[in-house]
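Below, chain A partners chain B and then partners chain C, in two separate complexes.
Up next is the complex of A and B:
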């Protein structure tokens, strides 16, 4: 991963910006996750209570319908059940808990009076009424359980997603970014050292060149004197040679 | 939009709910649950008019893996199971996965 980026100052600045943003996002997501877990704990406590009530209501309802079946017969109970005209309905509104939309279920026509049930009072016994009432109570508990369990499921999904995001940032994205940052910094330092070394070498070479030039100049300066001497000799010879005939 | 409650299960299980006024019920006799329950549950889950589905805990055993997973994670409609078990269904696994601790176990203790 670290090898994929070009070690330039621009990339380093971009990576530093991304690290800053990711660290800020990581912190925010951690806070969100913790907040969601706290909210979830409250809902879980409520859910445990609702579940307890639901189990109790179901047990009561079963006892009552079994009693009605035993006393009135299964056909009578089914007949009463088939006569029902009022049907319970639910409407859902939503509530927002830390960005999670959870439902609030409103029910209507769950609990009914005797005359609303639709079966004849004369043809049925109190056992059936009691069973119907127990099941109406059970439905109320079911609606409450549905509301709480939906909220739990939605919050669990959100917690899982947030947790995955936090982990991805903490264990994948941020380490990769730190690696890249380190790689670029190392490369840039290396380049800087190379540059310094290169400049040093150039300077040395230049100094050497200057030294050589100075030496050459010094030699050049010294060389004309020697040249004069060497050229003066033939003149002198010539002058002496010339002088001889002259002398002759 | 108003929705209704549906019950899926054996006739003995659904009768009580029908007595309380529940209109939408899928009766699947015990000996046909292996083959019929999946379709009955799928039908109810696909019905937009249904907001809550009630099932017996034990009936979850008859569902195929895919349908069971849908039942355990479905939010619209939400499936409420009642009966012998703790009623948590797949919720317990979901909690363990999301929070990292078995909170339901802790609460039971």
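Up next is the complex of A and C:
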């Protein structure tokens, strides 16, 4: 990854911006994850209670219907059940828990009074009433369990997603960005060092050149001090010296 | 209604032999230890052989047992009607109307839920007065209103027509079912009791009236306790059945709102208090009415047995047999269903079977 990035200052600035954003996002997502986990734990407690109640209600309802079937007969129980065509109504709305949309299930006409169950009161018994009541309670529990467990599953899915995002930021995106940042910084430093070295070299060369020039000048200045006779000689030497490279 | 002289001696002689073939306590003890298939086999070697063999190809398991029991019950009770004449016929028939009411309710429920007529027919118990032709015509109709029209020459026509208006308003079968049950109970005491003064004080008919009053009282007590427990805003007067001695209508309406007073009222009754004292104690402490109903059933059976021993050649003895036969059917069914759903032997013995 780091090798793909051009080590430019512009890129470094961009990466620094992304790191800042990702760190901020990481912090926020961590908070969200922790919040979701706390909410989830509350829902989990509720779900466990609801599950326990559901199991208990199911057992009760089974026992009551078995007793009713045994004492009144299967035909009588089926007959009493057939006396009602109306079904309970279930409506779903939604509520938001930390950004997670969970269902809110409202039920009506589940629990019924004695006269709403369809069968006649005068010809039936308390066994059928109790079985009907137990099944109404069971249905209420099932509806509540459906609401709580759906919320729990949705929360769990959201926690997983958030966790994956946090992990992706923490263990992939941010390390990559840090690597890139380090790479670019190193490269830039290296470039800077090279530049410094190059400038130093140029400077050295320049200084050398200046030194030589100065030396040459000094020599030039020193030459007239030797005598007039020798004035022609340096010229000759100079032309000779100049003539040699030209001869090459 | 049958014409001719009443023949209680003849009917009771036949009933005594039938009574002798009822299952004994030791048979129940054997059955309790068996599974459903064992029970079916046991029945195959008993009084129920014919029904088990007839229905064996259509049903299996506990359903076979239940349908065989119902068919056998119907056969026995039809025999009672065939044997009896005159007033005895009337007295037996009016008690067996409970099966007509059962059949009518089953048919109305079937029409209401658009069930296949053959399936409805399976659940009928042909032990009442309504003949096959009427039942066939009822099974052919598609609307409850048409079913009521089929009954236009019976005692059920008028109450059903009245209740039909309420059914149309609410869409619930409750008024129709209540009308049928009320019709059964309120005709039980026709020309037998027109108030305490008109009641015969001695003789088999007086005891018969006493038994029917107990049946009505126990039904009123059950319904009152159910209403009181349910807390529903229902008018107790509309569930009151005339003819009993335990409550009058205003008393019942008042007591339904006070559960404890209602229980005390039943417990303090001179006629039933002692008989039901154990059940009343359990009722005060328990959440459920089931044990109380169980005790009422047992008390009613005991009542009928006592009456039959006082007047062995009267309608009471026939009635006692009817109850004993019903009890046998209920016990076998309870044992079979109990075993099917895995109830313990002790549970079946304690909670289901009345010996």
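The criterion applied here is as follows: the second predicted complex is superposed on the first by the 209 of 248 C-alpha atoms of A that agree within 3 Å, B and C clash if a C-alpha of one lies under 4 Å from a C-alpha of the other, contacts with A are read in each partner's own complex, and residues count from 1 in each chain.
To be clear about the criterion, a contact is a pair of C-beta atoms (placed from the backbone, for glycine too) under 8 Å apart; a residue touches a chain by one contact, two chains touch by 3 or more.
Treat the numbers as computed from the prediction; the structure is a model and nothing was measured.
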| item | value |
| --- | --- |
| Simultaneous placement of chain C and chain B on chain A, clash or fit | fit |
| Touching partner for A:70 - first (chain B), second (chain C), both, neither | second |
| Chain B versus chain C as contact partner of A:210, first or second or both or neither | neither |
| Contacts of A:146 with chain B and chain C, given as first, second, both or neither | first |
| Partner chain in contact with A:44 - chain B first, chain C second, else both or neither | first |
| Touching partner for A:86 - first (chain B), second (chain C), both, neither | both |
| Partner chain in contact with A:78 - chain B first, chain C second, else both or neither | both |
| Which superposed partner A:160 touches (first chain B, second chain C, both, neither) | first |
| Chain B versus chain C as contact partner of A:131, first or second or both or neither | first |
| Chain B versus chain C, judged by how many residues of chain A each one touches | B |
| Smallest separation in angstrom, by C-alpha atoms, between chain B and chain C in the superposition | 10 |
| Chain B and chain C footprints on chain A, overlapping residues | 62, 74, 78, 82, 84, 86, 117 |
| Residue numbers on chain A that touch chain C, as the complex places them | 62, 66-67, 69-71, 73-75, 78-79, 82-86, 113-123, 125-127, 129-130 |
| Residue numbers on chain C that touch chain A, as the complex places them | 62-63, 66, 70, 101-102, 105-106, 109-110, 112-113, 115, 123, 171-174, 176-178, 180-182, 184-185, 219, 222-223, 225-227, 229-234, 239, 241, 288-290, 292-293, 330, 333-334, 337-338, 341, 343, 348, 351-352 |
| Residues of chain B touching chain A in the complex | 1-5, 15-23, 51-52, 54, 73, 75, 78, 80, 82-83, 86-88, 91, 94-95, 97-99, 103, 107 |
| Chain A - residues contacting chain B, complex | 37, 40-41, 44, 48, 51, 54-55, 58, 61-62, 65, 74, 77-78, 80-82, 84, 86-92, 105, 108-110, 112, 117, 128, 131-132, 134-136, 138-139, 142-143, 145-146, 149-150, 152-154, 156-157, 159-160, 163 |
